[in-house]
Amino acid sequence: MTMATEKDINEQIAWAKINTDVLRSMENPRPAYWVTVAVCVAMISVAVFAEYIQYTEGMGYANLNNPHMWDLYIASFVFWIGMSHSGTLLSAILHLMHSDWRKPIYRFAEAMTTFSLLTAGLFPIIHLGRVWNMYWVLPYVSDRGHWPNFRSPLAWDAFAISTYLSASMLFLFIGMIPDLAICRDHGKGWRKKLYTVLALGWEGNDRQWRHFRKTYLLMACFLIPLAVSVHSIVSADFAMAIMPGWHVTSFPPYFVAGALYSGCAAIITLFVLLRYFFRFEDYMTLPIMEKTAKLTFAIAMVWTYLNLVEFASIWYGHNVYDKELLIAKATGAYAPIFWSMIFLGSVLPFTLAFRSLRRHMPTMFVVSILLNVGMFFERWMIVAPTLSLSQEPHQWDVMWGSVVEWGIVFGSFGWFGLLFLIFVKVFPSVSMYEVKEMVFHRQRSAGEEDLIRMTDHTQPATETAGGEESK
Amino acid sequence: MSKHRLLALFSDFEEAHAAIADIRRNVVPGVTVDDVTMKSPIEHPDVEEVLGERPVHIQKFTLFGAIFGVTFGFLFLAGAQATFLVQPQGGKAVIPLPSNFVLMYEMLIFFAVWLTFFSFLFLSGLFKKRSALYSEKVSLDQVAIMLELNEAHTDPIKDLFQKHKVLEIREEVIK
Amino acid sequence: MSLDNILNNWSDYRKGAEEGGHHDYEHRWTMAINLDVCIGCNACSVACYAENNLAVVGKERFEKGQAMHWMRIERYWDQAADMEHPEQGASFLPMLCQQCGAATCEPVCPVAATYHTPDGLNAQVYNRCIGSRYCSNNCPFRVRYFNFYSYYESAWPSPMEQQLNPDISVRDKGVMEKCTFCVQRIRTVKDRAKMEDRSVVDGEAMTACAQACPTSAIVFGDTMDESSAVSQLWKKHQVKRGTYQSTRGEKANPNLRGYRIFEELNVDPSIMYLERVREDV
Amino acid sequence: MSGKMNRRSFLKMMGWGGAGAALSGCDLPSTVTLEEGKEEVVSYLMPEEFVIPGVGVWYSSTCMQCSAGCGIHGRVREGRVLKLEGNPDAALNNGKLCMMGQAGVQGHYSPDRIVAPLMRSGGNLAPVSWDKALAVLNEKLGATNGDRFAWFTGTISGHQLALVSNHLDAMGSTKHFAHDVVNNAVSQAVNKDMLGEANPRLRLDKAKMVVSFGADFMGAGQSPVHYAGQYAKFRTAKQRGLLVQIEPKMSLTGGSADLWLAIKPGTEGVLALGIANLLLNKIKVSDAGIPSGVRKLIDRYDVTKVAKITGVAGHRIQRVAQLLTERSPSLVLAGATVEGHAHGYDSVAAVMMLNHILGNVGKTIESSGNFPFPQLMAKQGNTSDLVEFAAAASGKKLDAVIFSGSNPVYSAPAALNLSDAIGNIGFKVAISQFMDETTALADLVLPAASYLEDWGTQVPATQAERSAIYVQQPLMEPLHPDTRGLGDIILTLLKQRKTAEYGQFDDYYAYLRNAFAAMPAAVKKNTKNNNEFWDAALQTGVINLDVPAKKLKSTVVSFAEPISEVGDADANGLYLLPSPRMGLLDGRHANLPWLQEAPDQISKVVWDSWAEIHPTTAAKLGIGNGDKIKISTHSGSIELHTVLLKGMHANAIAVPLGQGHDDYGRYAKGLGVNPLKILDATRETKTGELAMYGTQVQVTRVAPPERLGIVRLGSSDTQAGRKLVVTVPVEQLRRTEGA
């Protein structure tokens, strides 16, 4: 109950200060910003060069081979798709649950969703042997009577990702319109022109707000089942195959949990960075960090549980192939990565259980990054060991990616970073109008808070009592 | 008689509510609450209480999009599968329901989301030129009440606003 | 892409469904490999290189696992685990695409580049392939080979390109390929039979591996032709087409040597192997 | 060359020989005819006669990839040969073809072929015209005579052999060295002495049991495809044949054995004596016809002693002896690993004696009859000729030598010092397709046509049930216009010496036609005239001969104790087995990428040399799988990586032949090592063959495994519990399929 005394946000904060703080963060990039941009561009150049080699010379330069037809590209694809789920979680699920503490931090999480989708979408393209024919997976009318194979989970991916990308971009954009209007009202020069166009003539009248609220609610309603389906479909890429270690019925929830997990961890990372660099201490407050961290911890435990479910069902299922693979994961060539994944994914999150650590930004930064390393390993451990150890023992092989493959994976972080860096300087990374709403509502309900808390506590007690009585 | 448009800015939300409540109670005859537009920097709480129920039709478009997505999805997929030049199973068409359901589900969401978005763009009155009375304060921290009324009613309304501690009143004449 | 097409396909589909499945094959190309006489000599494999324009990848790429042998001879030591010598020799297994009836590679291809022909073959359409490699990942036999590089220059320096079989293409980088049961030979034979207004005679269509095999361990033919050698073999060994579910327990004499690899995966392979026999001395 | 073939006449000739398969293939554009004297450019849509665009025509010919001489069909499309298959008319291979035969087209189309005559000037080989080359050749050959001139060939037969012999005659020389690393010269000598025939017919298909002492008859043997066909019959017979393979290193044939026994190298003869001992003394088989000296020798080797010497368990020996009496007729074979010791003759004799004791002669060993054309019969290569050649060369007894179809500089052990000795020969001519090690030392290089562009006849030493002459015809125009067939070249040389006899022949084709016409009528059955006979011969690719039946004698020669005293004291001694494999064989196919990429059948290694060692031996030497080791002998050392293999005797280390070329084109160069180089030049005492398997070596570990050290196919040596290859006991087979 000590927690309750601590406010998520300073309710007395002046609304004008919110505007100035956020708008300030969008202006005048410091040298550090440009250095980071340069680093990202350099990382992208590495990937572009690697892709050039791969494009002109062939996929063989990624060290792919007969059993290992997929490797890090697909692992990265799953990783980035997973990352994208955090935005949905924060903006849609918490929105529907009226958890208003999400408001200061959901904007950049949503941007992260979009950008990690844009990154994830690159990987299925990069991994294609004939990239130039990638549009063949889309259902377009062709005079040759060709269609994609709708039975293929990869074709489902194309549908799911395009749906998810458009929905999450729309969601991000719609949610940003009132803020764009603020930017427009305060902007100068090219920014003014840009925001005038993007704000679509928003003037905050009641009609617009009414429609806005409805739209936002409907979008959130669709986004949640969509997000769940997207990662389930991504898991179908594996679960629909008959390979040991892939043909797992618990994969859809496992993938969704893993996605939320890595997404939350990424939010923590960016939370710390934005709080530090943009001095958003007033908005990205410690209580909010605590809530995020607790959420992450809860999801980590769900993920751990699903891991155990998978292991147990394999162990007791007595499918020789699956069992063999599980043992090989734990003891074979991939064991260091496997155990790192278990440690980083299931043990390390216990740091989040400590209040002092949760409130220590450097720790949270390091931990969140390590959690995501663990989650990257998880995706790798889903893709690679199965390929290395399939039904046919003659083709068993352990493969480590080449410089080309790692270069492209490395570059994808640069690409994501660059998109995000551009975003924070062009768009408000904290939702100004929603922080105002949050402050407004909290102020208003401050007086009633005690009463509400009392009812909350007494209500269930009476119910239980009544229940017992009726028996 | 010329028509006037007034924009009153309030810093106190409660006062603005009270002002509208007065209009609603026909304190100034001839001016109804239907003429009032309320502008707010946040998704204004209790706006229905103040302005009364005003209709929103977006959900109908959403429903249409969802239904269209499912039906079109199935017809499209089945049609594509039946006319596939290369039939993946021994030259015969295969219309596999489980995978089609997955895709129909995606298409449901796809069309529902886009229709929601477009209906929002058009129904919410965006893409209009902002009136000259638009105040940037509205996007900061003040509530505005805008209403169109006959010249005769402007003064009583102004008085009403003054009573409710209006900060600023802007006025323009529209014919 | 016409209404006609839709209606025809639908009516065929419906008709087939009523008759308990929609497979009305004209041919069903099938193989039987007698492992007892397979000596593992590699003749089939090299014959396949010669017939099917397979690229030679070289030592470096072979080491990476990027070799293109559609037909590979696997060699296992079964006895040797605790014995000083493998006293019953080696176990050789010619492994090639099993042309599964319920192939796992087919449904996963996003562009339907691999599909089932009316001949019961598991065809790979090189032109359509975009190289997602999902099919290979989902092949329990691991017999799909991907063109990780362009081999025009490296595998066939002039004048070696003159040896290339013009009946089939040389695959460029980014395309999956695999054993086709020498579909170009089947095509020629079918065309000839059609021109002469007769049906295909058993032994007329012959894969390069079956033709080369010095011990005639490989028998290839059409199981729709009841009298073909391969039909007789399948019948003799009581191995039936269909998934494991539909054939389980139907082998009246379990001592017969015919079996299909990974039967339990329900993929309905078109290749029946005959068990290797050894005499305990 | 006056009889230059042009495209038209070539196709005309070829047309007659077409196997006819194509004619039914498609609607013939039959209206297209050739009007004489009217030359114009026509597109391929209106092709010349017998070229049907898009339709392959199969022509018969004979494979020259090894000395077996199988009949082949070559698929010719648009004037190019694309694919080789076995010729079903050839009794030898019955329409089947091994991997080496399949790869024949690659040698033909190799980018490394020599395309013009080369002459040494100022230390380097430089291109010259044929006229110049032949002028120099004639001049040099004119200046020499008698035994100072020699031919050095591989195994050679048919009319090419006849021409070579005639050329030697014309030169007044008797020196024809025929060298082949893969040979069975010792067995031939034993067979000659014991059966009266060097190459009797072996009938695996009639045998109920085969005991093979190191005979890799389906791998690197004398006629692998033929014996593989017989093996299939042997295995699928009503009573499934039983194969026992006894050898120090598991060969391809050993991989298919029911019982594979590892034996200490060089002790096979002792084991044979031990089996004989059991047969004669325990099972009481008659010892009729066994010389008393041999009988005494047999009695000296009881099972315990034999087991101790050979390393084969006593109960195994007893069981094999027992089975040999139960499964009659049987067949006992001796192979290269038995022959390749100083006491090779005695060992082989001891092994072959078992056939006599068991009464197999006449049942599973048949006479191959009197071949009607002895001058065409194969002159089989061996290694004693190599030793003698090296001696003659270093003794400066040779002025001019023509090399063809053999690569002695590559295959001679360093101890023979051949590459230096060869410098003593005044004029060295190489008729060769490729720049191999021998060709690189030649003074004059004549570019040979590939066997797919050349005429010829082959008479394989190993004949099928029906003896035959195998006809070789060009399957396409010469790929490189400046190459010439071997027959044409010899004919040109002969014309210089014997103008009267050979002047009438424009080319080898004309010579062959004449030779065919001259064959006795009995050969030309069912053909009306010479043309028809010629066409029939080309069409089937085979001239089947009725060879009068003959009876083999069944005797046992006296032989000495089949074991060397040398080295036996050293129980831990390691014998180097330079083993030829189906594939690269003796190294002649190292330039064919398909064969380089085809894994070794047993160890599955590609593109390299490797050393096979038994794991216990390796452990004793501190060597791990894939380690780099050094194998040294008196004559040098080689470094290569190991493959631990249980199919090895603990006293043996096997290194495959075929790699380690200094030259020989882009695919062969710089790969692996050549174990032949470090062999001792010990000779078999009776035949003078090189004792190839008798070299003892020291092995030391050099380095741990490297990335490209051993590149092999397949990563698992076991089936990991899968039902991939299922092995069932023969009793199950008997219940269901057998008698």
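Each chain carries a letter (A, B, C and D) given by its place in the written order, and its residues are counted from 1.
By definition in this document, contacts are C-beta pairs under 8 Å (C-beta built on N, C-alpha and C of every residue); 3 or more make two chains touch, one makes a residue touch a chain.
What you are looking at is a predicted structure, and each value in this text was computed from that prediction instead of being measured.
The chain pair with more C-beta contacts between its two chains, of C-D and A-B, is C-D.
A summary of chain positions shows that the Cα centroid lying nearest the centre of all protein Cα atoms is that of chain C. Averaged Cα coordinates give subunit C a centre that lies 32 Å from the centre of subunit D. Distance between chain centres (mean CA atoms), subunit B to subunit D: 90 Å. Separating the centre of subunit A from that of subunit B, both taken as means of CA atoms, is a distance of 30 Å. Note on chain placement: the centre of subunit A and the centre of subunit D lie 67 Å apart, centres being C-alpha means. Those residues of subunit A in touch with two or more other chains are numbered 145-147, 149, 151, 155, 391-392, 394-395, 397. Shared contact sites, meaning residues of subunit B that touch two or more other chains, fall at 83-86, 88, 94. For subunit C, the set of residues that touch two or more other chains comprises 1, 5, 67, 72, 74, 76, 93, 107, 112, 128, 262. Residues of subunit B touching subunit A in their complex: 37-45, 47, 51, 54, 56, 58-59, 62, 76-77, 80-81, 83-86, 88, 94, 96, 99-100, 102-103, 105-107, 109-110, 112-114, 116-117, 119-121, 123-131, 134, 136, 138-141, 146.
Within the complex, the subunit C residues that touch subunit A are 1, 5, 61, 64-67, 72, 74, 76, 93, 95, 104, 107-112, 128-134, 136-138, 140-142, 145-150, 173-176, 262, 265, 267.
Within the complex formed with subunit D, the subunit A residues making contact are 320, 324, 391-397. Interface residues of subunit A facing subunit B in the complex, by the touch rule stated above, are 14-16, 19, 139, 144-147, 149-151, 155-156, 159-160, 162-163, 166-167, 170, 174, 178, 181-182, 185-186, 200-215, 218-219, 222, 225-226, 229, 233, 236, 433-434, 436-437, 440-441, 444. By the touch criterion given at the top, residues 57-60, 63-70, 124, 127-131, 133-134, 136-137, 143, 145-149, 151-155, 157-158, 237, 240-243, 387, 390-392, 394-395, 397, 399 of subunit A touch subunit C in their complex.
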